[in-house]
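Shown next, in structure tokens, is the structure this report addresses.
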Amino acid sequence: MENLVYIALFAPFVGSMFAALFGMSPKQTFVGIIASSLLFISFAASAVLAFHVYTTGTAIHVTMMEWISAGDLMIPFGFLVDQVSVTMMTVVTLVSTVVHIYSIGYMDHDKSFNRFFSYLSAFVFSMMILVMSDNFAGLFIGWEGVGVCSWLLIGFWYHKEDVAREKNPSISPSWAANEAFIVNRIAGLGMLIGIFIIYWNVGSLQYDVVFADLPNLSSSVLNAAALALFIGAMGKSAQFPLHTWLTDAMEGPTPVSALIHAATMVTAGVFLIIRANPIFSMTPEVSFFIAALGTFVAFFAASMALVNRDLKRIIAFSTLSQLGYMFAAAGLGAYWIALFHLAAHAFFKALLFLGAGNVMHAMDDELDIFKMGGLKKAMNWTYIYMGVASLALAGIPIFAGFFSKDAIIETAFNEGTYVLWAILVLTAGMTAFYSFRQVFLTFHGAKRYKDEIHPHEMYKFVLIAMAPLAILAVIAGFFMGGFQTFVTKLLPNYEMSHHTHELIVVLTAVVLVFAVGGIWLAYKKYANGLKRDEKLENSFLYKLLANQYYIPQFYEEFITKPYAMISEKMWKDIDMKIVDATVDGIAKFLYKSGDKARAMQTGNLSNYLNWMAVGGVLLLIVAAISAMLA
Amino acid sequence: MLEPINVSLESLNLITLAPMLIAIAGGLIILILDLINGKLHKSLYVMLTILILMVDFGATLGLNVNERGFFDVMLIDGISIISQLMIIVGSMIFIPLALTSKRFHEYSYPEFFALFLFMVAGFQFMVASDNLILIFVGLETASLSLYTLIALHNRSNSYEAAVKYFTMGALAAAFFAMGSAVVYALTGSVELYKVAEVMATRLNEPGLMIAIFGSSVLLLIAFSFKLSLFPFHTWAPDVYEGASAPLAGYMSVVPKIAAFVVSIRIFGMYIDLGVEWVRIVILVLAVLTMTLANIMALVQEDVKRMLAYSSISHAGFIMAALALDTTEGTTSIFLYYALFMFTNLGAFSMLWISRHKNRRFDARYDHPYEKFAGFIQIMPIGAVMMGLFMLSLAGVPPFSVFWGKIYVMQAAVNAGYIWLAIVMGLNSAIAAYYYLKLIVYMFLMDPIKDVDTI
Amino acid sequence: MIGLSHYLIVSALIFSIGLIGVLRRRNLLMLFFATEVMLNAVNIAFAAISHYYNDLTGQMFAFFIIAIAASEVAVGLGLLIVLYKKYGTLNLDDFASMKG
Amino acid sequence: MDNILSILVFFPAIAGLLGFVVDKESARAYGITVAAIEFLLSLWLWFSFDTANAGMQFVEMIPLIPSFGISYYIGVDGISLFIILMATLMTLIGMVGMSTTKNIKNMIITLLFLEMTMVGVFVALDAIIFYLFWELSLVPMLYIIGAWGGPLRIYASVKFFLYTFTGSLIMLVGMLFMAYIYHNTTGIWSFAITDWYALVLPVNYQLWLFVAFFFGFAIKVPMFPFHTWLPYAHGQAPTIGSVILAAVLLKMGTYGFVRFSLPMFPDASVMMITPIAVLAIIMIIYTAMVAYAQKDIKQVIAYSSVSHMGIIMLGIFAMNAEGISGSIFQMLSHGIVSGALFMLVGVIYDRRHTKLMSEFGGLASVMPKYAVIFGIMLMASVGLPLTIGFVGEFLVLLGFYQVSPIMTILAGTSIIIGAIYMLAVYKKSFFGPVTNEANKTLKDLDAKETWSLVPLVLIVIWLGIYPKPVLEPIDNSVKAMLVFMDKKAITQEAKDMIRVSKSTEGGI
Amino acid sequence: MYEIVAFYLFSVLAIGLFLVTVMSKNVLYAMTSLAAGMVLISGFFFLLGADFLGVVQLVAYVGAIMALYSFAMMFFDATRDIKEKNTNPALVFLLGGLSAVVLVMMFAAPIHSDAIQALYPMHEGVGNAQDVGMVLFTKYLIPFEVAALMLLVAMIAGIILAGKKMDQSLTEDIGADDEILKQKDEK
């Protein structure tokens, strides 16, 4: 079994290195194929491991080697395959495999095809380290590793020029990449602080040691640790106020968005909360804060998705919103539900993105849904895929999202946090609306795109590759019960109270009403083509939402620009004019006084004699005075 | 009627006089040789001088420590032997530079070498006595020779230099005489060991402090002039500039060694007697000297003048060590000066070697910095040597003056004067700039093209 | 009765006069005169101290000072002559080519 | 080979002297060969080094001035071993990658002398020998900056020299005072550092001495506000000069703190934690921001050096094994990474004769190999896990967290603002379209450059993944030092603050 | 009594004459008053019983030195009034006055002490010259000989400085360099 662990972990790494070998050569299809096959091997190994864990119920723990040891600190490269990590592994490798195969088609015409696979596989490897590590430092390796891969992949088309924010809200791929990296670093700092707190209070970073020692810690330490870790999670999972990078990250190639910015990396924050659940379950205040923030983000992101015109950004906002759901669940203590939603979301969101990729591919990289319409005929399969994914997202029964999201909303009700519940329900309606707004605007109605664009369906093998996701998006929900028994061996079980159980039909109905209502509204407005409402579009609220509450502008005006200005000032005014000038000033002062002192050296003997006499007489006077004082 | 005095020859201890007599005899031999044959080449005299100095050196080495001779006028103690040896070695390093193939006026005189030997004898008398009369006479013998040697370089600058030096020297002599008079009035003696005895008994007499302080001040003025302490240093840069380069180097070392020895004897006596005031005054003068000379050296355009100021600054350094009046302090003075002697003479010699007869680079200066631009390309070995001398002067380890510096600073620290050590350190840092400036010119700049160089 | 102090004070006054001469004179020859005055002042002091202490050392010192003064004059005048030949003047203000 | 240290010190110097004879055309090959032999010798030193022994090894002692207690006393422990290795490595790599052609022979000889002084500083166990090499290292560096530098080279080199010289003179006074106290206490003159360790000083003496040494070391590090010589020196120096300056010379300062200040003045060091940490944090944040404002790539890296040195300073004063070991590891990591970055800037400077970011853009398309290596070094510089940069930074911050969480959070911002300026450089120079015509025809790395950079990349990754061979000896020595400091400290606060590792709690 | 009168007379006259020396614009006046002042000083010496010193003063100073000065004066043709831009008189007299005050303060101190033993006492009934000779040729023989050397130095210095050979400077004459060097230059 240990070998399987290593195979699952290192197969993507081998793929990445293999692709990197060809990184600077022109496109080689076999690179993509080999990378994908290695990913599949990884998936297979993960699946076997999952089966093993499922059947035996025991975790596999391997320690590869020592990494850092200094003082009392000892960090090994240790990997832990238990119920939680194996779930993540399976989801990650599955989605990754699909995305890899998809990319062979999608990146077909890109000259950096090989490089892309190298990055993509490297990302999977980092993600695997993140989920499999048996300690916080290892988690941090993966954490930063996925960050850097995300940087590379968002900035994949680095050669694109910077443009004004009005033209492209993300300015350029490289800008978006840097933004993502830097925001994640802010979170990384939080995470590091969390690690430090844990180390200095426990003396180890191994999960098992830490969790075993938690009862000995004071609540303030726990709160601090939980908060710091959550700050880490906020960055990676793009929670408010560190959320802006995620939509900008859509500058990357669409498979990247599907894999990293929907299915896997962004859920790392949720994973962290789930992984460290012993800490969070001991800190109810922090947990509640997480839930509240998650709920807020769910609503907040959904609101922005309502009016957005960018195909990928809408999906990105929906990702944000769904992450909010997950946090809400995790914060309320329903860790397994959060994990389940995470998995289900991975499937349908990846599908949605890949579908969007198909559309982009067909539309020559056009993303504005106002300039689409009527693609149903040309892209039937894509339409179906996206429809299924949207249904799942909207939480329509049978589909995966229904089970998981409904459970979260019920949890909110069950915990007595009715405000949260209400917001989540409302958000569910909004989710349904914007998902279908997008579907209808893209596929229904009359064509609004330019004539020179000839939409065409994606390659067959790509569509086939997407099928597993579609199937899972439909059926995943049925495994909820099994999943619960599987993961709750490790995670605390969460059951609805009796009261909630009684009301479950009502609650489900309420959610459903909202969901269906949303879809209906979207159908009414958009199914028959786009009717633009100038008045609405000029309204304050609409503009506020379209501009993402002006938060990016706010950041630019109040953080980015002042930072640059202060830096400039520090350099030119402080460093050059004060610090350095002081040093030079001392030198200049000495030099100038040398020049002044030089004046005594007139060359005239008479002056010299005067100096001598002055000196002599002064000394005599001093002698006389001091003698009299003595 | 006075009784005739019977003095046995042994009790005179004439051996104590041997070194000086050798030098004087040597000078006379040179004069006589010149009388016999006036056309002898200077190389003869150079070699003769070196030989005489070697004999002198040997005779000095043969002296026994802690002896007095000739009615106690001569004093041969450790200090006097060491300083005589240093004086002779310094002279021996200096004199071969006369062999230069360029003809300079002074070397056409055999008297130059005779005067030089008389001067050495004068310095030796100065350091080998604690009698103020002999010190005075020795000092004047040496000084008068030195004035003449400077003037013999025979150009307007050297006359100007000689006259400036002479006139200020005369004034200093007057102060020295007045100081001696006060000392004599206080103690009835001009022999320092006796002075110390008597003064110790008179220290507590009321109203006398002013005379004691006054005597020290008057003597201090005279020696501050010799040692070029602020504000009595004004002659130094001009005289160094006017004199030929080797003589300037010589002046920065050998006469100062003699003056330091006398200062150690005189002011050490005061400090030993418990006149703390003298120490403070010397320290203040020393600190002022090193600092002011340093900042004035910063702005010089001429290397020789810069070296002149740097020599002043180094003298300040040493004077501070002198004020400590500890064994370590005194030892460090000699160590410092021994190391400084080689370095500074070396540096001035490099100027001498690179000397042009006409001023090609500057209307006024012989050795402006520009002249040394790109020296490494013109004269690589010379440049490297000059660079080493500069680094040594700057106190960069492991070159010689560094060791002197740490000894002096250690002496200051040991005596409890940490602030002084810090001031010394900071001054060394300032000083590094102007030494570095020459290195920068020599190594980092390109030669000036349109002037023909060496 | 004339005491030691009387002589010493006269000596001090003459010394100061010499100093004044050194300070104000710009002619080299006149400057030399002033230094002679100072040395002579010291001689008075030595002779007086010698007298009052009934000790000969002072007279010795004075004697040597006279010798020194004589030598100085010889060298000084030699320098004066070469200087005069070169510059044609003895005014201190006229030879200040080395400065700074 | 008990005298391998002496060989290490003097081999390059003798080779440098002999180098005068070597023909100009062959000077480069000669230099590389000598540096390679020196590096192999240092590797040998490593292999024969007993990693389990925390004390001084290969000790040699020859009295020089016995009456004054000065002796030629050298040795290595885990703390200095790897800095020596880095010094020899960076000299070799710098020579291999060197593109200077003007006066190449002088350059080679100067570098060999510089190598002697660098190795000398890190092996010296006698304060005067230490000071000797310390000051002597200024001279070759002055020449390198001044003779091969940019337009302001003379200003920069003189500033570098005088600034450091001034600081070290104050340090010299401190050393002399220390010797004096030692003499007063024991009656023996000694400048041996190990002897000085044994001396327990009253707290006020410790404080004064600490301050005196501080000036010497802080200017070399360079700590805020004494850092302004550094951008000039780096900005003007030729590539090889910057590489060695950043990689090795700056480490002398931080090494000095570890070698002198901590074990000699444990109480004063503990008392000075807050002031130094404040300075270090200012250094970290302030210079990182200043770096962001730079227009010149090399200046960015120069200021980033200051910022990273702040991290190292912080770690040294963490007073626990995690922080100090991390700090020493960070010295190595910064040496290699910033050395490599300076070499990379040199590569582009050789091609375009400008270092301004505005002149570039889109280099990644034109010079992919270059971009990859730059990217790896950038990631190492910002402390990405599994690169060399992370280990040290992580340990330092971890270690200092024990001292002050708030200050650690402030210092931790370095991982954010460090990323900001480095990514800005990368974006401005490597990303975007190729706008400048002159950049369209740039050649990618040639063999010489590749061969000098690839070893560094390998080290960056190797030590990022498996730092143990290096970290373990360092950690052993550091733990031993902490035990020693803990025993030596006289005030209770110091004893409380100095945190002895659990494994060594009972003493070594 | 006559001692007191003589003292004050000599003092006033000497001070007056020396003042003339330092203040006069005419070299001749200055020199003459200097000579006269020196004569008066020898008067002090006689007054103080230092007969030998008095004679030496007259012979050496008034005779030799003043003669030298006279020759010099003639050489420089300085019989006319000299034009001097004297140093600021305020400074001069301030410094001179201050030095006088301090020195007078010093000498007014009870400097005389009866406790001091004469090391080389004068002998009753022995002539001053004899006394002086005795000390000079025993104790101070070395200084005496050195003084002789000093006078030799002064003589040589006087001769060569005033000599004709000084008129043409080899230092500034580039053509005066050795033949070898010239050949080198030609190559």
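We just call them A, B, C, D and E in the order they show up, numbering each chain from 1.
As a convention for this text, a contact is a pair of C-beta atoms (placed from the backbone, for glycine too) under 8 Å apart; a residue touches a chain by one contact, two chains touch by 3 or more.
All figures in this text were calculated on a predicted structure; none of them were measured in a lab.
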Touching chain B and also chain E, the following chains: A, C
Shortest chain-hopping distance from chain A out to chain B: 1
Per-chain CA centroid nearest to the all-protein CA mean: D
Comparison of A-D and B-C by number of C-beta pairs in contact, larger one: A-D
Chain of greatest Cα-centre distance to chain E: A
Separation of chain B from chain D, taking each centre as the mean of its C-alpha atoms, in whole Å: 44
Euclidean distance of C-alpha centroids - chain C vs chain E, Å: 5
Centroid spacing, where centroids are CA-atom means, of chain C and chain D in whole angstrom: 65
Inter-centroid spacing, chain E versus chain A (mean Cα positions, whole Å): 99
Overlap residues in chain D, where contacts from two or more other chains coincide: 162
Sequence positions of chain B contacting 2 or more other chains: 133, 137, 140, 144, 147-148, 151, 154, 163, 167, 171, 178, 185, 188-189, 210, 214, 237-238, 299, 433
Multi-chain contact sites of chain A, meaning residues that touch two or more partners: 587, 598, 601, 603, 605-606, 609-610, 613-614, 616, 620, 623-624
All touching chain pairs, where touch follows the definition stated at the start: A-B, A-C, A-D, A-E, B-C, B-D, B-E, C-E
Sites on chain C touched by chain E in the complex: 1-21, 23-27, 29-30, 32-34, 36-37, 40, 43-44, 47-48, 50-57, 59-60, 62-64, 66-75, 77-82, 84-85, 90-91, 93
Residues of chain C that touch chain A when the two form their complex: 19, 22-23, 25-26, 31, 92-93, 95-100
Chain C partner contacts - residues on chain B that touch it in the complex: 132-133, 136-137, 140, 144, 147-148, 151, 154, 156-157, 159-163, 166-167, 170-171, 173-174, 177-178, 180-181, 184-185, 188-190, 237-238, 241-242, 299-301, 305, 364
Interface residues, chain C side, partner chain B - complex: 4, 8, 11, 15, 18, 22, 28, 31-32, 35, 38-39, 41-42, 45-46, 49, 53, 55, 57-58, 60-61, 64-65, 67-68, 71-72, 75-76, 78-80, 82-83, 86-87, 95, 97-100
Residue ranges of chain D in contact with chain A within the complex: 159, 162-163, 224-225, 227-229, 286, 289-290, 292-294, 320-323, 325-326, 329, 362, 364-365, 368-369, 372, 379, 382, 384-386, 390-391, 394-395, 397-399, 401-402, 405, 408-409, 412-413, 415-416, 419-420, 423-424, 427, 430-434, 465-468, 471-472, 474-475, 478-479, 501-503
